[in-house]
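Please find one structure pasted underneath; my questions will follow.
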Amino acid sequence: MITLTHYLVLSGIIFTIGVIGVMVRRSALVIFMCIELMLNSVNLTFIAFSRYLNSLDGQVFVFFVLSVAAAEVVVGLAIIILIFRNKATVNVDEINLMKW
Amino acid sequence: MNRALLIQILKNPWTINVIEIFVVFGMIMFTVAYLSLLERKISARIQYRIGPNRVGPFGLLQPFADGIKFIFKEDIIPNHVNKVFYVLAPAIAIVPALLTFAVVPFGSPTTFFGILDEPVRLQIADLNVGILYIFAIASLGVYGIVLGGWASNNKYSLLGGLRSSAQMISYEISMGLAVMGVLMMAGSLSLADIVKDQERCWYIFPQFLGFLIFVVAAFAETNRLPFDLPEADSELVAGYHTEYSSMKFAMFFMAEYSNMITASAVIVTLYLGGWQGLPVGGWMGLPIVDKLWFMPLAWFCTKVAFLLFVFIWVRWTLPRCRYDQLMKLGWKIFLPLSLLNILITGVLIMMDVY
Amino acid sequence: MLETVLFYFFAGAAIISALMLVMRKNPVTCAVSLIITFISFAGLYILLNAHFIAAIQILVYAGAIMVLFLFVIMLLDLKREEDFLSRLKAQKFFGIALAVILLAEVFAAISSINGMFLTRGIYSAENIAEAGGNTKVIGRLLFTDYLLPFEVTSILLIVAIIGAVFLGKKEN
Amino acid sequence: MFEYIWLIPFLPIIGTVINGLLGKKLGDRVVGFVGCTVVGISFLISASLFAQLLSLPSESRFFSKVIYTWIGSGDFKADIGFQLDPLSSLMILVVTGVGFLIHVYSVGYMHKDPGYYRYFAYLNLFTFSMLILVLANNFLLMFVGWEGVGLCSYLLIGYWFEKKSAADAGKKAFVVNRIGDFGFILGIMLIFTTFKTLNFSEVFPKAVDAFSKGDPTITLIAIFLFIGAMGKSAQIPLYVWLPDAMEGPTPVSALIHAATMVTAGVYMVSRCNALYTLAPDSMTLVAIVGAATAIFAASIGLVQNDIKKVLAYSTVSQLGYMFLACGVGAFGAGIFHLMTHAFFKALLFMGAGSVIHAMGGEQDIWKMGALRKHMPVTFLTFLAGTIAITGFPGFAGFFSKDEILWEAFSGAYGSPALWLVGIIAATFTSFYMFRMFFLTFCGEFRGTDEKLHHLHESPGVMTVPLIILAILSAVGGYVGVPHILGGSNVIGSFLAPVFGKGLEGKVEAHGGGESLELILMGVSVVIAVVGLLVAYYLYLANRELPHKLEKKFKGIYKVLLNKYYVDEIYDACIVNPIKNGSIFLWEKFDDRFIDGLVNGVASFFDEGSAVLRRMQTGAIQSYMLSIVIGAVVILGYYLLK
């Protein structure tokens, strides 16, 4: 029998993997993908709760998360392309203009 | 094994489902094979030639000859490619094309002359999110091309892959929006419901604009002329499959033709009444014909065949359009038009015309 | 039984592909791993009776967003990433350690909420089926209770489109 | 029909928006057309509303409509609401009617001016503000219009802001007005704390019911309001801005002096007649200030040489008359004079504008003369205006001025002394008006030959408004023919519902009888003729005499020519001390102390952040690490709690 806990644990693991990815990778694109991964693990939590609490609000929320993710990706990728055009790299450790 | 058990097993829905899967798969593969022959024949006719006629009567065994040739040719894997994706790409290309067919109803529910106790639906899976399923799977089809193009490590292939991804995304939007009209009329996402609802009227009539958009977008989605930019041979050698040979090339080839078949089937289901007969006269008014379980199937196959013919016909008649024209058409003309279509449909539904 | 098997299958696929995403150096491999993760998630959603979300998960994430990612990777012709974080070794160590602590805390939190169920909603599986299926009910929710956020979403998308076009445009 | 009352102020603001935002692109013709049309339509609506109001029985001639609740906060409530009664209906007729003629005249006068569209946008805004002022049904909205006309007068007086004197005059008008506005605001606040409401229809009945005559609170309110009126209507001691306002374009002077702005104070005092009637002391103050202003300004007008300055002082003087009327409880007479004054003063200003236009910008009457031959229309219309203002029998000014003088003599709060001052001022008026008239239009031309050749009659778009106003100046007074001359004082009875309380007292006091009234009327006719004859004798018949007189009364002449040195006195007593004090505060207090404090805080954070900003490494991973640390800590806190 699969319980809510199973899904929550899975979602926690995936989320942590995403967090690690954001912290250790250099490529802005991969970091971006890891953020998407984190968003998805949260979506999973939402849907699992929605199923086990007999409420559809979670699924509606996922719908909104999805649209926000789409908008974010579109703008984010445009920014990455722009950075690449100017600096010929997408490695975040080489794009540290915003420092003191 | 005793007879009763056999019948028991045969009547199990699971068994029927498995049988359906195999039949459909076989039919598609068979059609793909003969579609290639058909294409060559029709193109020959259009160009005032005769076409293949050496292998078998009227060249009917040509597909088998081609198959044998493909299998026995040397399978070249160039050194500079990314091996994993190079090998995976053709498979990724063909799977979605076949998967899509799972939700298309190809006949009315039947008991096969009373052999079965309960009528079985001639459809592998009746999902309540059928159309979404089609779009979801169809949107995965692009990966085969993109990954194949990238893995080949060849600039022509890469360009082909890039073009196809941009093209797919552009046209998927107008395609999805065009279908909205159908959804609004049917009030359901399930393809079985949509076909059932077309009893009153084929959707091609009330949804003609949507139909046009959908058909053109389907051409673009299947990379057929006049939208075959990903493999435009005059510019990109052979596009994404430049580096492919032997059976891997054959799989791309099969993917393209299966895509055509699926697209035709979906168009038939959404706009041309699916397995329903002609909109006038029911089953030609004959009670005998009405009883025949294969009549809907026949109607369905006829319509799909006609659409396949149109696909080929268009390919050998129209020139290829430029890439910027393609993009302009998709974003600046079809997108607004499909929105307009939704608006019109919505207004007409509000006014109880539909 | 079948549910259990499928859950472990999809969960395993999701975890393995997520790990691949973080550990492989080739950006295309990463992207493909992520696609696999998304598809596994869609499978989990189906197990959870969220058919609509499963379909749009594939449609939007796997079909659109990841195509864009691949498109950008190919457009920029990104090569393999060199040894990751050669400059910030300590960062890597601390990062992973912290993430593990975070995971432990999340587990602790999960174990503490387990069993403590809040109010149960009205949308049980039977009620949804009676009301016309998952998609229909979600659609109705979106256009009634969540109408305002739904409309705001469309504004968000428009803004994103305009922003992307503006950013992507070459300066004449 | 009354529901459309909001259209009246709305149309001019539409004109402002169109001309202000698009005027540059539309071209001068369209701008002029739009500017005039909106006011014209407003006038038509006002006229039809007026007609409708007339068709009602006199006790139900009242309409009030709240368009929108502007501010609602606790007890306090202020509406955008309009009120139509005999008083405001008469005012909107004057504002839109005379305003419309001035707009039309401006089309010709401002021809080829580079800021044409700006000018019309301001002009429309001015009309809008004035309409809001007169239509408002509460003190706060009235104050909005009140400030609006102040702003517009600033904008229009300083319209040619490249010229320093014009910019200064604009500022002066604004600043002096603010002093008055200060009093007005205090009055409004006191009204609110006293009555808990600002609506006219609630304040006045409450005041009459709850307060006895001479109550100090009411007196204080009335005085505060009157301070506001002093500023806006240019009464002693706040009249100084008005003569300087001549720096604006001449049609603007016409608008300010005739239809809008300066009449606001008179209107407001009349509107609050219930309050003033309750406070006899404040009435006395109003009457004294009015009479003093009348004679004071008239005496300055005697010697001024600038054609517009003469008119300006005459306006101040006539406004004094109006306040004198209000002060003696004859509010109807004040409003009557306001109306006739609007006609002939607009006419005189626009005639003067026509003269200045023809003279190529020359304003000194000593350099004019004999213009009669060159500008017949202007001559005739100007003559009509002059006769009207000096109060010759049969013309508009006669009836209204005479009523004021009669009330001043015999009214409830009147006294022979006030009448005497009024009659002397009237003599002065007659003298200086004819002096200006003779010097401008008769005799021989005293300017250069070049100017002589330049002389021409103004175009039709300017003369037609002049003719219309001339006709109004001639016949406008017949709405108020007194009983004694066989008339029925139509306007008085029309306004009676608004001034009900004020009239009661007046009727009782009329003891002098009809013969006295006729004698007084005769006196005022005589003095008008005397003024005329003296002017004729000095400036046409015996031209050496003025110079001799000048020499003989050198001291007085100089004082008068320099306007009693009021500006200089103000400078020395008020302006300069404030200026020096400000300079001290700026250089010592502000520069050293305040700036030091601010800069000290800034540099503290500047140096502090120089240390802290090292945390911004620019590496996204470090930021992410910080976020995760935060997440771990917060989650840990909740788990352990």
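Should a chain be cited, it is by its letter among A, B, C and D, assigned in written order, with residues numbered from 1 in that chain.
By definition in this document, a contact is a pair of C-beta atoms (placed from the backbone, for glycine too) under 8 Å apart; a residue touches a chain by one contact, two chains touch by 3 or more.
In this text, all values refer to a predicted model and were calculated from it rather than measured experimentally.
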Consider the two chain pairs B-C and A-C; indicate the one with the greater count of contacting C-beta pairs.
A-C
Can you give the whole-Å distance between the Cα centres of subunit A and subunit C?
7
In whole angstrom, the CA-centroid distance of subunit B from subunit C equals 29
Need the CA-centroid distance for the pair subunit C / subunit D, whole Å please.
71
Using the average of all C-alpha atoms in each chain as its centre, how far is it in Å between subunit A and subunit D?
68
Any chance you could list the residues of subunit C touching two or more other chains?
52, 56, 64, 68, 75, 85, 88, 91, 95, 98-99, 102, 106, 134
Residues of subunit A whose C-beta touches two or more other chains:
19, 23-24, 93
Junction residues of subunit B, two or more chains touched
none
Would you identify the shape of the chain contact graph, picking one of line, ring, star, complete or other?
other
Of subunit D, residues touching subunit A in the complex:
613-614, 616-621, 624-625, 628
Across the complex, what residues on subunit C touch subunit D?
85, 88, 91, 94-95, 98-99, 101-102, 105-106, 108-109, 112
Sites on subunit A touched by subunit D in the complex
19, 22-24, 31, 92-93, 95-100
Name, in rising order, each residue of subunit C that touches subunit B in their complex.
26, 28-29, 32, 35, 51-52, 54-56, 58-59, 62-64, 67-68, 70-71, 74-75, 77, 133-135
Could you please specify the touching residues of subunit B with respect to subunit C in the complex?
82, 84-85, 127-129, 132-133, 135-140, 142-143, 146-147, 149-150, 158, 161-162, 165-166, 168-169, 172, 189
